[in-house]
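Structure in structure tokens, see below.
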């Protein structure tokens, strides 16, 4: 931590600030410049609340000089994390594609879509069985029945399954059927859930909260990692801004930022970010071009009748076209898909 | 729902849009203007996804014409909800004050602060026993021991207790000790928790999420109301914006907006909104002047040593001064405090 | 400037960073901690682009330790600036009130409103003669004719005049008629205009840009101050956020922040911040309670027929009621109005 | 405009609202639904302030049903605008590349960089002669000397010149030397400048304001178009959000949105959006993949010594590599570069 003192600070105040810092457990170094004195406070715990120093008399500014996350940081692990499920590796040279419906609705629907996913060359089937909905009056998912159908369809077409977990009580059940847990944006700071997911080995994909900074998002990943589960990937899905033409603003620059700060794989979900089918295709291409380790795309064979989020789902043919373009783009930047 | 059609739409396309609307269950009225055709689609369920219509060929814009919340709406109940706990009424003419430490830390601390709260004339004691912390390495609260101490202190000084609940598994325990449940900003869309809190009678104060629109916030209140608990109040605590000098931006205009849209009482929490003691006092005064039904303020007798959020806590003497000013302001606008 | 080096930096890289800093003209102090090395770079010019250091190999973080503004800063001048025009002082104990229509529309209109302003006890008449409108098809103001009418009405009722200046070519003309220049939010970073306004003595009220940080806003004030005009006040008028129920989000916490950082008076404009009449009253009261040095309020005797912004204008009677409440609130916090 | 009435509205109030609408010049159609009455108000001018209706008694919501811009709209012109300067066409199948330094600094610098631009295959040279700087103490550009150097270098290497215009007084001068005017983000709503640029034929590239909605941005384009200049293109350069790791948030989804709403070409500027060299490359690729009609990239041969924005400039070799990848990506989506 670096503590910048005010220009007109008295000697008594300087002593006082130093005393406080020492009481907080820091080792203090003082540098006297021409105009201003700067204190270096060494030995900070990552969670020290710097405002404790900011409010002391004579303190102008305080800067934390270490990232608050450790296990998620590239300083801690300087090679990329890879997560392998069956024969699919996430975080390597190959860009992975996760596709499927927003919600599992019926056996027919999920089999049709799983077939389309497999046919396109993608290897991961997404689908919701428990749905977080902003209205209590909306369709809330098929529950365990949805999980069973998804597993069956995935096995038929040799796919890996990812699905959302919303509360601690669902972990055990979902683990029976799915290969990857998804934590939704609204639960990014549901710490009780994150800690429980840290106690299993099943990989977890953590979506970014709607107004989460990249730092907070990686701190939430830290909750899972520090509880013991190292198989964590993160997923950009749009942030909330003043713009209203799109559902959210897809923050693609988070991809190179996360890759610099952290060793965890990063997936991008254009479907939730923009919310309308005709914007999903260019944004999915952009995510691959920006260097994402994978993309997650919603597809539906009959989106008009979809029980949730139909308008953002691609039709299978649109998805096949997207896969062809995405493959060429991945190759243009030295990766495969 | 109002559906505006594109200027150059063909007759075939118009028929097609109408057919879709009827299939979705709407009764359709067509108004032909000089330049444009507008369809009124009557009979919409509050959770209908308007994007289903927005993506149809020939559709220019779609507007939902009803608020998505019902029970929380002033259209449903046109008088103000009041919540009475012991002899304290929230939502009436009197502005209530909730004060206390961020976290309960010890018997001595909570008794000292409860005494200060009572002495100031405030009647509600706040304090955290289970703390949501963005770092897994931070102090997580005293748990049940904290609840016991807070109840004991409140009873000694005839105060009402409010404390945060973070997960379903804590509801029963907290109910034994507290009078009001607080749902934190990070859990505003933890629907599983909201539904469980709808099954009890204990009042619930629902904080606004960091990036929640007022509409989403009232939708979350709707989750609790629709599960059966009518004793709901909401709490503004700042939203996330680009400004970095303050922790969050305290959206005081949400107070008159919520009061117009809804019958639920609205409390304001300047401590979390601005995050630094010297800004808390003017913002607490502003909240009363803006018409809040109550304010929630963090206080601490030894903020330097506070285990969480010390820098935003007022000292007891500052709090007494604030209470005097706030009383005069309440009177200036025809209320009491 | 403080430069934090990466943990695994080589000696060669350290030397290299120091060499760069010296080439940029800094005096460098090195502090070696247990885990990390921190360099203090003394002698920075306020406008040094810290990213030049951030991109050097081995650099983890860079912090500027001085505010980029000087003349606007409380470090430079530790007493409050007051601006006196005729017998009205802005920035002292008395909270000033600026009121009037959005646009000057006719002699009758401006005289009626000037009379209402005077009757209420307010002393400053606002009104637009040149209007910045987001649509090229909207009413653009009466121009010089509007200025003349406003001056005449102000003189009749012994009021001070404030009006908006939009471009360099208008400065001389407006100066003949008005006592205070207003720079609108959209021109907050029109540096060419700011520099010209720095060359006159007439007071300037600088509105905060819709997405300006407080730092940028004070930097824009610095442009005027550094060109020679010391009579500068700033005006909070709402920032842009994701919330859509209100036109903008009124950032009242900017009031105590500016008062801590700067010696310049700060005015608050609730009319533009919230955009609808029934929200203006509580927000005007809140601004006074938050400690603003003045408020600016739009009023209109026939808002339905107003040529611009009628919906946010108070009726004269509403304004009189507001003045009574605001006076009591000012007194509650030890000021007058 | 669609006006939704409140559920409990009286007949007298309904009449009153209709009377107001007619007085505003609308032709009113009334549709009575089961629960609610909706009025269609036909004949609206694009700049009508809908808040005038929103504040009437008995009105629940008001929706404008036409975009406020006309000439910029795809409804007005359903084919893409193309702008041809010498042998370079913007807005066609070919993705154009604009590159060069932030500021022109010397003859040697601009010739070196113009050569690099030409060698890469790009055809448009960018460079600033008049610089808008947030600090009055920063380098403000070489002025006319910079314009001369840029023209000379461009002619030597057969390039088109784009440079920023900051005020009306510069238009004539810049027109002598440059082929395209650039309007910076801070001037997006400098209406006086926009109108003047509408009176010339020289193409104008209008950057999006930091907190401008897409609608406001197209409204500003409308100012230029409605004053007579049809050669307008727009440029996405990042918006302001709560995220602080990047300078701004590059809103790539504005590309497909603008292409759907408008016929004007859209360029993307990743250098200003992200602000650090290592994030510029992936974001430039992403912009091409998202379908931008062009990209604008800052390059510098000696970025350490650049007088402005050095840290976001690519080195020539990085730029050559980017061009190769961008070419492949353009081809992947059926375009050339």
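Each chain carries a letter (A, B, C and D) given by its place in the written order, and its residues are counted from 1.
Just so it is clear, contacts are C-beta pairs under 8 Å (C-beta built on N, C-alpha and C of every residue); 3 or more make two chains touch, one makes a residue touch a chain.
Since this is a predicted model, take the numbers as computed values, not measurements.
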Which of A-D and A-C has more C-beta pairs touching across its chains: A-D
Chain located farthest away, centre of subunit A as origin (C-alpha): C
Geometric centre distance via CA averages, subunit D-subunit C, whole Å: 26
Approximate Å spacing (C-alpha centroids) for the pair subunit A, subunit D: 30
CA centroid of subunit A to CA centroid of subunit C, Å: 38
Overlap residues in subunit C, where contacts from two or more other chains coincide: 211, 240-242, 244, 278
Interface residues, subunit C side, partner subunit D - complex: 20, 45-47, 49, 51-52, 54-55, 68, 132-138, 166-169, 186-187, 189-192, 195, 209-211, 216, 219-220, 222-223, 226-227, 240, 275-278, 304, 308-312
In the complex, subunit A residues that touch subunit D: 211, 213-215, 239, 241-246, 249-257, 260-261, 273-274, 278-279, 282-283, 285-291, 325, 328-329, 331-333
Of all residues in subunit D, those that touch subunit B in their complex: 2, 4, 6-8, 27, 29, 31, 33-36, 38, 40, 42-43, 60-61, 63, 65-66, 75, 240-242, 244
